[in-house]
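In this document, chain identifiers A, B, C, D, E and F correspond to the written order of the chains, with residue numbering beginning at 1 in each.
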Amino acid sequence: MMRSVFNWLFPHPLMTLLLAVVWLILQNDFSYGMAVFGLILGIIIPRAFAAWWPDRPRSFRMGRMIPYVLLVLWDIMVANVQVAWIVLTRRNRNLRPAWVVVPLDLRQPEAITVLAGTITLTPGTVSADISNTGHYLLVHALDAPDPDAVRDDIKSRYEARLKEIFV
Amino acid sequence: MTHWIIAPVVLPAMLAPFIVLAARYHIGIQRVFSLAGVVALIAIAASLFVTVSDGTILLYQLGDWAAPFGIVLVGDRLSVLMVLLTAVLALFVLLYAIGSGWDDRGWHFHALFQFQLMGIMGAFLTGDLFNLFVFFEVMLIASYGLMIHAGGNDRLRAGVQYVLYNLLASTLFLFALGSLYAETGTLNMADLAVRADMIGADATVGIRVAAVLLLLVFAVKAALVPLHFWLPSSYAEAPGPVAALFAIMTKVGAYAMIRVYTLIFPPDLETTAGLYDVWLLPAALLTVALGMIGVLAAKKLDRLVAFAVIGSMGMVMVAISLMTPEGIAAALYYIVHSTLAGAALFLIVDLVKSNRASLNLTALPPVAGAALTSALFFAAAIAMTGLPPLSGFLGKLLILDAARDHTMNVTIWAVILCSSLIAIVGFSRAGSVVFWKAKGVTMDEQAEPTSSANPLAYVAVGGLLALLVAHSVLGGYAQSFMTATAAQLFEPEPYISIVLETEGKLSTPDASEDH
Amino acid sequence: MSLFLIVALPFLGALLPGVMNSAGRQAVGGVTFTVTLAAFIGLLTNLPAVLAGELVQTGFNWFPELGLNVTLMLDGLGFFFALLILGIGLLIIAYARFYLAREDNMGEFFTYLLLFQGAMVGIVLSDNILLLLIFWELTSLSSFLLIGYWKHLEAGRQGARMALTVTGMGGLAMIGGMLILGNIVGSYDLSVILQHRDLIQADPMYVPALLLILTGAFTKSAQFPFHFWLPHAMAAPTPVSAYLHSATMVKAGIFLMARTWPVLSGSPEWFYIVTTAGLITMILGAVIALFKHDLKALLAFSTVSHLGLITMLLGTGTAFGAFAAMFHILNHATFKAALFMSAGIIDHETKTRDIRILGGLRHLMPITFVIATLAALSMAGIPFLNGFLSKEMMLEEMEHTYLFGPEWLVPALATFGSLFSAAYCFRLIGHTFLGKKRDPESYPAKPHDPGAGLWLPPAILVVLVVVIGVAPFLVEDFVKIVTAAVLGSTAEVPEAHIKIWHGFVTPLYMSIVAVVGGLIVLAMFKPLSRLWEATPRPEAKAIFDEIIGAFVMYAKMIIHPLHNGAFTRYSMIFGVAVVAAGYHAWATGVLGEVTRAVQPVGWVEIACWIMLVAATIGLAAMHHNRLLALILIGIVGLMVSIAFIFLSAPDLAMTQITVEVVTIILLLLALNFLPNQTPIESSFLRRGRDVVVAGAAGLSTMALTYHYLLRDAVAAPISEFHLANSYKGGGGTNVVNVILVDFRGFDTFGEIIVLGIAALLIYALTEALLNGPVRARLLNRKPDKPLSGTQHPMMMVILTRVIFPVVLLVGFYVFLRGHNEPGGGFIAGLIVSIGIIMQYMASGFGWAQDRVRWPYHGVIGAGVLVAGLTGIGAWFFGKPFLTSDFTYVRIPPFEKFELATAALFDLGVFLAVSGAVMLSLESFSRLARRAHVKDSDEPMDVDPSKSIITDLEPSAQEGV
Amino acid sequence: MMLASEFLSWAMTLAFAAVAISQLLALVRLVIGPNTGDRILALDTMVVNAIGLIVLVGMSQGTRLYFEAALIIAMLGFVSTVAYARFVLRGDIIE
Amino acid sequence: MEVLVASAVGILTAAGMYLVMRLRTFPVIMGISLLTYAVNVFLFASGRLTIGSAPILRDGVDVYADPVPQALVLTAIVISFGMTAVVVMISLGAYLGTNNDSVDDPTETDQEGEA
Amino acid sequence: MTMQVIGTYAVALFLLIGAFFMLVGAIGLVKLPDPMTRLHAPTKVGTMGIGALLLASVTNSWVFHDGSVHELLIMAFLFVTAPISANFMSKVNIHRRTCETPPEVPEAEVWSTLVERDENGDLIQ
């Protein structure tokens, strides 16, 4: 009973939290009243629009998400410098762009999306497409003399961690 | 403060969304509400008319903000006259739309109709120039909807041009408004009048351009040649009752011109001297001539009437361009006449259309129910061509008489009289082809299934013609009202002082003038 | 009886015949006769006053400002004409009752006839010349209806139109003349005008006025060169011809000349114009009449001729001339009406009016023969008949009239005209009635005298013909009273008496010459006729048709190429007109001093400017690629937004950005159905011309902008008040928002209505298209290019699901703070709409539509109602519409916050905007729904977690 | 302090310049294309750069008033990019 | 600064007018859009140009950009959005019905009448 | 005082970093040889550039004003939306064949962009 009421109120508790935080940041006002107001909105909006996100993943490990985010941010910074270097110094004819096909172990759309987003955000690679069954990800690499290495890197560095987050 | 003066705007503005919200699937309920609304509008307009006919000027400060900071509605003789005319026209048009079933041939007729009324009423009542723009847009966009009501390829193609041309005009309107604000720093018409007068003779370029751009905007609305190109096709292709309602739309342009060029840029204002008096009268005469020549040249009855409307707008504009009290009074008399006559003609054309294979002016099988329809056409044509005894003739006489002392009086008389002749020839040709030739042509084997219009449709047309008769018989009374109206327009001080000196929220009466 | 009633009776009575049509022909005819009789008797009650020389007057004000009042007067002249109109009217009505066929609509006929009668009586009794004009034109209109009465006859229609055109033209000319006259005298009352002969004739506008008024009179009375319409009017039923075209209407012009005689006549202009026109008309009419084979045509031209005669008499400007004219009017009315009715009888009985077919009828139709012969002989000027008397007087007057050339010319011409006049009269008698007796079967129908109903009316007239002819003294006093009325105070009525025998004087010789000559001419008719036929002569109808045809052709040449639907040209003319008028205003004004300093330019501004300009010019240059054009317009929008930010207008920037997104979505939705390329169609020259026009427009706006930017307004702008009172009176610190929802909330109210209407229109048109012929086309539509198979990519679906609630939150945030910070209902509405559109785009129409809980129609309606009711709410506090109020409240744990009615209004704005945007876009995409792809219930192409390929699952077609 | 603020204003100028040049470069790509994809990309870049420009303007004017505008572009700007792309891919952008 | 704004208005107007005179509805609508931009900037400029002083009241600040033209332009933007949507829809309807997106309408004079 | 000096330098530094990366992104957009490689430069380098500018703004607000972090939201939005844009632009390139054709997918699958559908929208196998 309590459980179902909770589920009804918080179809996605993380979203409630996210909205409350966004509200506070938007207001630039981290007062108690604002937080309460933000929470109220965080409850109302997902509740009212619950139908727009069916089949949410119920198991999502927030704790493992944070190190993942930090890792990605670090990778973004490093890779940015690399790509900048390539753009500024490398001649076009010395560029080795390549398609990389990444077979996926992940099955949840949310998880795959996060992986694809991560790949895109880390410079040098772009998630270009997915296969019609969703079992392969097509990635384009700006400069990849060894595409297989890129593939393995993606799988080990990101997908493995995501498997831990989206169980 | 009485709230009645805003009722002509708010009533349709509330009725329309209500219809959309609550009755969009029930044509019967829509009709009842729409009709009731229009009847109420007439009652309101009539009582306002009584109120202002003694010269009272009604002021309504929206949001309780004093002019020129907020928007005001002003009801004087002129605006209330136009409101009443619109309400009365709306009733008969609505009756026709219901009687002929036009309102049920597409979606949202009644909502659009009410919105259209709201726009027109607002345009007549507002005392703020930007607000006038907004109401123009309300009026126009509703008219787009009504014009293409029920769809159809020809109508849509004509609609495209109608909308595009009016978009150009709206753009021009904004240019004019920007110029005016840049030059004067205000938008209220009374305040504009005060500030336009403050502009010195050493810097007149800005205000002159602004005045001319505004004039052109209204000229487009009034279908003044060469800015009339939007009219023929759109009026011809619009559904009958819609074209009939549009008869008032050109008058909005005439109204605005009268208002702005008696209040803000009166004829004796030095800074804008030599602008409209150079161009307006020749253009108006050209409009009269072109309209009536168009009547003669028309190949289809609906376009013939459209050109007649252009011609009659030309008559109105000739009277306005005289810029004398007599001229304005004549223009107002003619405006009422031309609105009723134009509307009646478009409705009659629609009656013909529903009973004839096409509106082409060629011999075709007989028009069913021709006797009544042709009698109505004959009467309306008499009115439109300015033959006695209907108000067209009287209005023409008034205009000719008003032009007596003008330097170009001979030209004016010659153009108007010759154009009348052309119109007579054109209408008699068309009428005899459509109604008389009928018996000469053998019945077509595959005669179109004719949809005979409901008696209500005939009541509507008859009503409009009865109004024309009343406008003629009681023309003397009408004319003394118009004369009083013109006098009020040429004595704008009470208007200006009422608008600018009435206190509103947080304002002192002279707050606007102390800087 | 009151003069009003006399004029009004026919008009009021005109309602009856039409109404009583079902009561039978007898009733219709009877009521018409009764009405006329009543008016006739009413007129006679005024006879004593007229005989006493009184002027009967009555009137009331109608258009006092214009000087158009209903004033009537009755003097001898008016009485005379009214008597003719009503008296002959009675006979005609009786005649027509029997003349009209069963299938003719008698009610309609008599209605028109009474209208005409009323108008005629109105003309002759009017004291006000504007009123007279009204009746004048009414006779044209009613005669149009009467001539065209037999609608199936081509000739009738053409004759009616010709008559209306010619007399209408005259009427319009007369309006001009009357206005001038009124202008000179300062009154439109005849009784006043007639007192000002000297004033009028001294005025420089006298001649134009005279010409215009005479144009009216001549057209109406069929004087040369306007004579040609009358014969064509003969297509009318014979009673109409008899009534209008001989006895009454055509005499209206004569009446007018007689009426204005005291002030217009006597000048050389009058004399030369009127006399000449009359003389020519008289001779021309007589000659043509002789060679006409149609009885009615012959009579028509004879009428033309006699009208010329009367005109000529009036033209001389002498009292005797006027006297003779009046007398001849009386005589002509009697014999000509009788002749027309006789012709009608012949037509009715023999079914032909062709003189060549007729002949010998005296045996078969003796009564008709007697009537017609007496009338014709009177017309020929045979003694003891009234025609002789007035013709003698005419010849006497002509004897001392000198026009041009030698002294004998006018008398000789008058005699010549009379000669032909006698000739056609003899021909009428001889070729119709005389000749050898023929078998009745040799006519198109077996002729015999008609019933009394038909012959009695002309018989009565012929009795008058004879009585007046034998005992002219019976009418002499009356004619003198009439003449006195014509002359007014300008001249004395002549002493002369009307006598049959004057002694052996010149007119008698002239008369004899005419009669004898007439007989000789008739004897030589065959060779003369051959000569006539062989002579080339202008055919009036052909000329008229050609003129009208030319007018129509020129009208078409002007109108159709000008209004050929070429919007490109319409818009060019618009541009040129605006630029020209604006330039004129600029060039004629005085350029003021620069009062504002130019602000410095940073090079970011320059970069933005370059981008804006490059995108704009690129758009104009590369618009043929429509998708590229859309991308470029996106850049223009973006740059304008940035400019707004740079120039301190954050609200504008936000609105611009959001509107831009929605617009592009909308245009892309439309472009899906449109060709992707715009073909290059206009020629190089055309494009060059357009560049010039566009360049001029651009330069103009640039100059104008620059002009205003460097100068201050004439007084401080009203916005100072808004800045000062926004917080105090509107409760908000975002002045733009306070203006929008409070100071100028009424604008905003109108604006959301515009958006609402736009959405309703789009919805309505979509419905019309989907339920019309277009639907089939949409269903069968094939994509014009290969399409990718990816419809709802997973990545977008998932990420927008995360974004969506945040977008809603931001929307709410923007809405809430709009009153104090950039934002507000508009922007919030657009943000939320775009959030929802995102879902439509990501997960598909069907999927998203299933999740929409409120119909967009309702949202729009509710929005407008909320805004409107917020405004109305103020009424309950005695405040005007849209008066705002606000208060600050504090509910723990929240900070103090503001509650404002403006927020409620803004909520209405929010609802209306979002509803309108969504309804519009939904409608657009519904067009594609029926197009080619079935909707999917699944939100994404691929959902690996379900281990199925959703696309392979057959899914039901989504309804719309 | 003097040095720091000078450095800041110099950096600000440089940043403005960089954004301006970036925009112009993107415009070049947009005009030369050659593919629709390139053009959409160029537009997308310009939209993102515009955010940077707005942030810079806000910083240089010392105001936060332009934050919402930048936020909206960041939040909704991609919608038009997606719309253009969807148009190329599917013709119908809402299906 | 003023020159930039004025010339931008001029160029937007010129390009807009040029496109308005094209033969197909789509470029004409583009042209109207450009004209709308032009007039919006013009209307905005009627309050003169002010940098860095948005009309949002702040303590101690007394120089603000003129808010009235901003409000007017906001209204104008929204209205012209509605108008654009409508004209796009109507021209689309006309195109779907006739398979012709010419803005010129030659059918106007197609019918022959009695001479 | 010192904090403010450091803060000022930090702001300037972030500005320079942001400016640098934005410029690099734009240069890449112009310079790189084909549509797919061009995609890399602005979508990510630009993101980094904006990110640095936003950090500059945040720092600036803490140094000179009463502090704000809401710029982070902009960054967050960009990070969430950039992959969608990149994904779609890649799809455009693949669909329009304006890039090197991607390798075949193993196991008889196809890339969803290259899926063909019949007129009814059903997949063609």
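Quick note on the criterion: contacts are C-beta pairs under 8 Å (C-beta built on N, C-alpha and C of every residue); 3 or more make two chains touch, one makes a residue touch a chain.
Just so it is clear, the structure is predicted and the values come from calculations on it, not from any experiment.
Undergrad: Using the contact definition stated above, find the chains touching both chain B and chain E.
TA: Under the touch definition, chain B and chain E have C as mutual neighbours.
Undergrad: Just grab the chain with the largest centre-to-centre distance to chain B, centres being mean Cα coordinates.
TA: A
Undergrad: Using mean Cα positions as chain centres, tell me which chain lies farthest from chain C.
TA: The most remote chain is A.
Undergrad: Between B-C and C-D, which chain pair shares more contacting C-beta pairs?
TA: Between the two chain pairs, B-C has more contacting C-beta pairs.
Undergrad: For chain B versus chain F, what separation do you get between their C-alpha means, in angstrom?
TA: Roughly 56 Å separates the two chain centres.
Undergrad: So what's the Cα centroid distance for chain B and chain D, whole Å?
TA: Their C-alpha centroids are separated by 48 Å.
Undergrad: Measuring from the mean C-alpha position of chain C to the mean C-alpha position of chain F, what distance in angstrom results?
TA: Averaging C-alpha atoms per chain gives centres 67 Å apart.
Undergrad: Quick one: chain A and chain F, Cα centre-to-centre, how many Å?
TA: 14
Undergrad: Two-or-more-chain contact residues of chain E, please, as numbers and ranges.
TA: Those would be 20, 28-29, 38, 40, 42, 45-48, 51-52, 54, 56, 68, 72, 75, 79, 82-83, 86, 90, 93, 97, 103, 105, 107-109.
Undergrad: Among the residues of chain F, pick out those that touch two or more other chains and give their numbers.
TA: In chain F, residues 20, 27, 39, 43, 47, 68, 70, 73, 77, 80-84, 87-88, 91, 93, 95, 112-113, 115, 123 touch at least two other chains, as defined above.
Undergrad: Pull out every residue in chain B that's touching 2 or more other chains.
TA: Counting only residues that touch two or more other chains, chain B contributes 130, 134, 137, 141, 144-145, 148, 151-152, 156, 160-161, 164, 168, 175, 178-179, 181-182, 187, 232-233, 298, 429.
Undergrad: Tell me, which pairs of chains are in touch?
TA: Pairs flagged as touching, ordered by label: A-C, A-F, B-C, B-E, C-D, C-E, C-F, D-E, D-F.
Undergrad: Write out the stretch or stretches of chain D touching chain F in their complex.
TA: 1, 4-5, 7-8, 10-12, 14-15, 17-19, 21-23, 25-26, 28-29, 35-38, 40-42, 44-45, 48-49, 51-52, 55-56, 58-59, 62, 64, 67, 70-71, 74-75, 77-78, 81-82, 85-86, 88-89
Undergrad: If you look only at chain B, which of its residues touch chain E in the complex?
TA: Where chain B meets chain E, its residues are 130, 134, 137, 141, 144-145, 148, 151-154, 156-161, 163-164, 167-168, 170-171, 174-175, 177-179, 181-182, 187, 232-233, 298-300, 358, 360-363, 429, 433.
Undergrad: Residue numbers of chain F touching chain A in their complex, please.
TA: 20-21, 24, 27-28, 31-34, 36-37, 39-41, 43-45, 47-48, 68-70, 72-73, 79-80, 82-83, 86-87, 90-91, 93-94, 99-100, 102-103, 105-107, 109-113, 115, 123
Undergrad: For chain C, which residues are in contact with chain A within the complex?
TA: The touching residues are 789-790, 793-795, 797-799, 801-802, 804-806, 808-810, 812-813, 839, 851, 892-895, 939-945, 947, 949, 951.
Undergrad: Over in the complex, which chain D residues touch chain E? Could you list them?
TA: Touch residues, chain D against chain E: 61, 63, 65.
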